[in-house]
């Protein structure tokens, strides 16, 4: 395990302390708990608060999206572990500005349990909470069992669209509606080349042979749909992209935003090599690319691999994707 | 203290009795959970019930229901694992259902455990037969409802409920896991104990033990 | 070699094609050469053009900094290889808007030769070219041989300061002056945990044992100052930071900008764990942090490792660091 | 064509002669460069001189100096390696120094090779004695200057210069590399041929050969 860390037990708190130290004023922890993070500065009255959260080890997920035009707060668990309902509640309290709170998080059992629990606890305090789940990973369950699908990098688009609308002081129902619309229109598929190591475990959660890849693997190493020899970048895209396109389906004449996400160790050079093929294939199929994000948006620490997400746009989503956003980990001017 | 009802003090005693059982069964729960999961149950349940017990011992709540509800909040905070959250939900929902009662008779306990079980089923998005804690809790709630209909005292009723939970636990052995870490093993889980069902049985065992003199 | 690529020979062109496809209008290649890249859109008359360049494999170096408030053009070689003087000349021609061109690049033999050659060729065409070298790596040569030092991640600050001033239409001499000032005030030190693989070579350029690290290693794997067992993050910072601080030296009362750079495979979590210690140590020494950058600014493909850079600020540099910038790889609002 | 001066056509012939030598010595240059570097010299030098020769063969320049200067630009484009850029610089600087001369006599050639050598020293930021191409070129330039002072014809002068370059090349064997990839081997380079010096000797050998009839 070659990591920069002190004790394995201190991986998460040391990381969060580092983040707070690097971005003073922009992020703050609440309830004296490093796992409860909110945007710095005063709340905007009547703005819907947007909270996310989940296990650590996925930066910039989740707390990296706290900032202007995206999230208001996050609760952060240990590596790959849900934070507690109590921590979610603390964040909920801290970000509620009278207009209610929207939870947007990935569809994982532990997270769902705890966020539901936090919703119940918040309702006891008369805070209205709504929930939209990210469940964009087409490899994680068949389309007929969409409610079983895991949330991966495509959740960025839920944050982006809901965050942009919330910044305009839209009411909770509207913010929830666009988050649901983004969720309904985004699909992702990933491929892993190497495992990663949870610091407290100290060894990889699974093995991938020297020349092997696994298509469809989840961001915690969940089993994918096919393991096989590593093939060329173009061939990989040619396997992944149709699975995404057929699922929604995305069709000739559609306009999309594309996100090519690195899982951690994969350099940007390679992400762009993958994107090159994505762009060509989409063009051939008559699908227009409105804009493209290439980089690390949802990682698994030092896992090598990538995912491709498409968001099908209508005028409303296009406008929201285009709005500026600014956090310590992500900054975008008006497109 | 009368054994006809569980008052605030009695409810705290029940929580304490469950805590002692969880401590006692720590290694067994680790082993059960290791067989089809990650083994954390032996750590999270003592932690959860220690928090509930510590809260109950110093509770300023005015009814047993409200105390049990708050004890659930304390558990949720202390042990945010699957089972920690589910059991916490059970206490919160159960306590809320009987929040206004000054003390719990058999019918009050039936309401408590029915809401407890229903809360877990809702939170866990699960049904009977999926090899979970619910498969131990549901028979216990049913037994308490029957005992209440018969006008049975709480001591006998909780003893019957504990037996029903234990039967539920063993019946769950033949089921196939549908949720959580165990679900990936599917068929291989048939014939093996469900660790969560064991926790369910221990909860009832603790309540029953607390009213024996 | 686990990389997303097609043929090794196509690594660089495929990557550049991907980048151009992902950011249409923002970047363009000139002279029908994918290795010659400039900012999209019309030139700003009388703006000093800023060019950089060097080998591929260091994204976002170099071309990732082409955009508003940073660079106007870059010439890009093969992986870890200098582009040709001719390619530099093409970029120089394309970005000259009548106010001359400033070359800012890292101090590597091949790059120096070719940029000097390009300067000579440009002067034959009456384009005034000035040069400022990045040579911030304190591990690469003793202070007394500062002209031998290699340029690493700290070069970002040269781009940032010169780019901000050029955007204000300052004359070439002024833009050069602030680039030199930034160069004089920045120091960097790196540490590597794993090697990386040049695609056309197909195997690592060096080996690092399972529990080993190398402090001071260069971004092409150049030998560092000490190889030894991997120690804790805090201990690593405690070795690297004093070497940086003593070199300038940075002293009590100084104000700095800090850049913690990932070499490629190292996740952001770990970079923040390193930064946490940097922040504490600087505070203890009475050195104030004005702002902090944490992320990938100069990489070596999939090398695991990190570097720490400090820029000592005066009012002028602080103002220039604070100015907004926007490129496809780096975006910053006014600080 | 007179052998007393190198006119445009003669200069193109000289470049062509060097090209043939580089092709002929390809494997030797690979081997020499592999010993203390990366072995690319056997690929880059034929490539560089092919580009120069192709340019020279079709040159529209009016003087040999201007042609040699442009040939240098063509080399730089074709072979952007260390040596490619250095030799290209030599041709550009040398050509520029004699740009106005309609033809090069011994003194013109001396000016050409002096500027050629000085240009490389400036570009490479190096001195005599650092085991580089310069250690072959400088003695050749000096020999041409001496020959010019004596009023020697270009055929004899270039033959003497080629011999001087060859001596320089062998003398460089005892030096220690200070630049580029070889520099990391330091002491270990003593006693080993410098591949760049071999290139320098071949350039002079080509020029000399081109004026022998």
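The chains carry the letters A, B, C and D, assigned in the order they are written, with residues numbered from 1 in each.
Just so it is clear, a contact is a pair of C-beta atoms (placed from the backbone, for glycine too) under 8 Å apart; a residue touches a chain by one contact, two chains touch by 3 or more.
Keep in mind that what you see is a predicted model, and the values were worked out from it rather than measured.
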Original post:
Among the chains, which one keeps its Cα centre farthest from the Cα centre of subunit B?
Top reply: D
Original post:
Between subunit A and subunit C, what is the gap in Å from one C-alpha centre to the other?
Top reply: 29
**OP:** Provide the C-alpha centroid distance between subunit A and subunit B, rounded to the nearest whole angstrom.
**Re:** 35
Original post:
Quick one: subunit A and subunit D, Cα centre-to-centre, how many Å?
Top reply: 60
Subject >> Approximate Å spacing (C-alpha centroids) for the pair subunit B, subunit D >> reply: 91
Subject >> Multi-chain contact residues (two or more partners), subunit D >> reply: none
**OP:** Sort the chain contact graph into one of these: line, ring, star, complete or other.
**Re:** line
Subject >> Pairwise chain contacts, counting only pairs that touch as defined >> reply: A-B, A-C, C-D
Original post:
How about subunit D: which of its residues touch subunit C in the complex?
Top reply: 73, 76-77, 80-82, 85-86, 88-89, 92, 123-125, 179-180, 184
Subject >> subunit C-facing residues of subunit A, complex >> reply: 2-7, 11, 14-19, 21-23, 56-57, 59-60, 64, 193-194, 210-211, 213, 230, 232-234, 236, 264-276, 279-280, 292, 294-296, 299, 301-302, 304, 306, 326, 329, 331-333
Subject >> subunit D-facing residues of subunit C, complex >> reply: 77, 82-87, 109-110, 112-114, 116-117, 120-121, 223
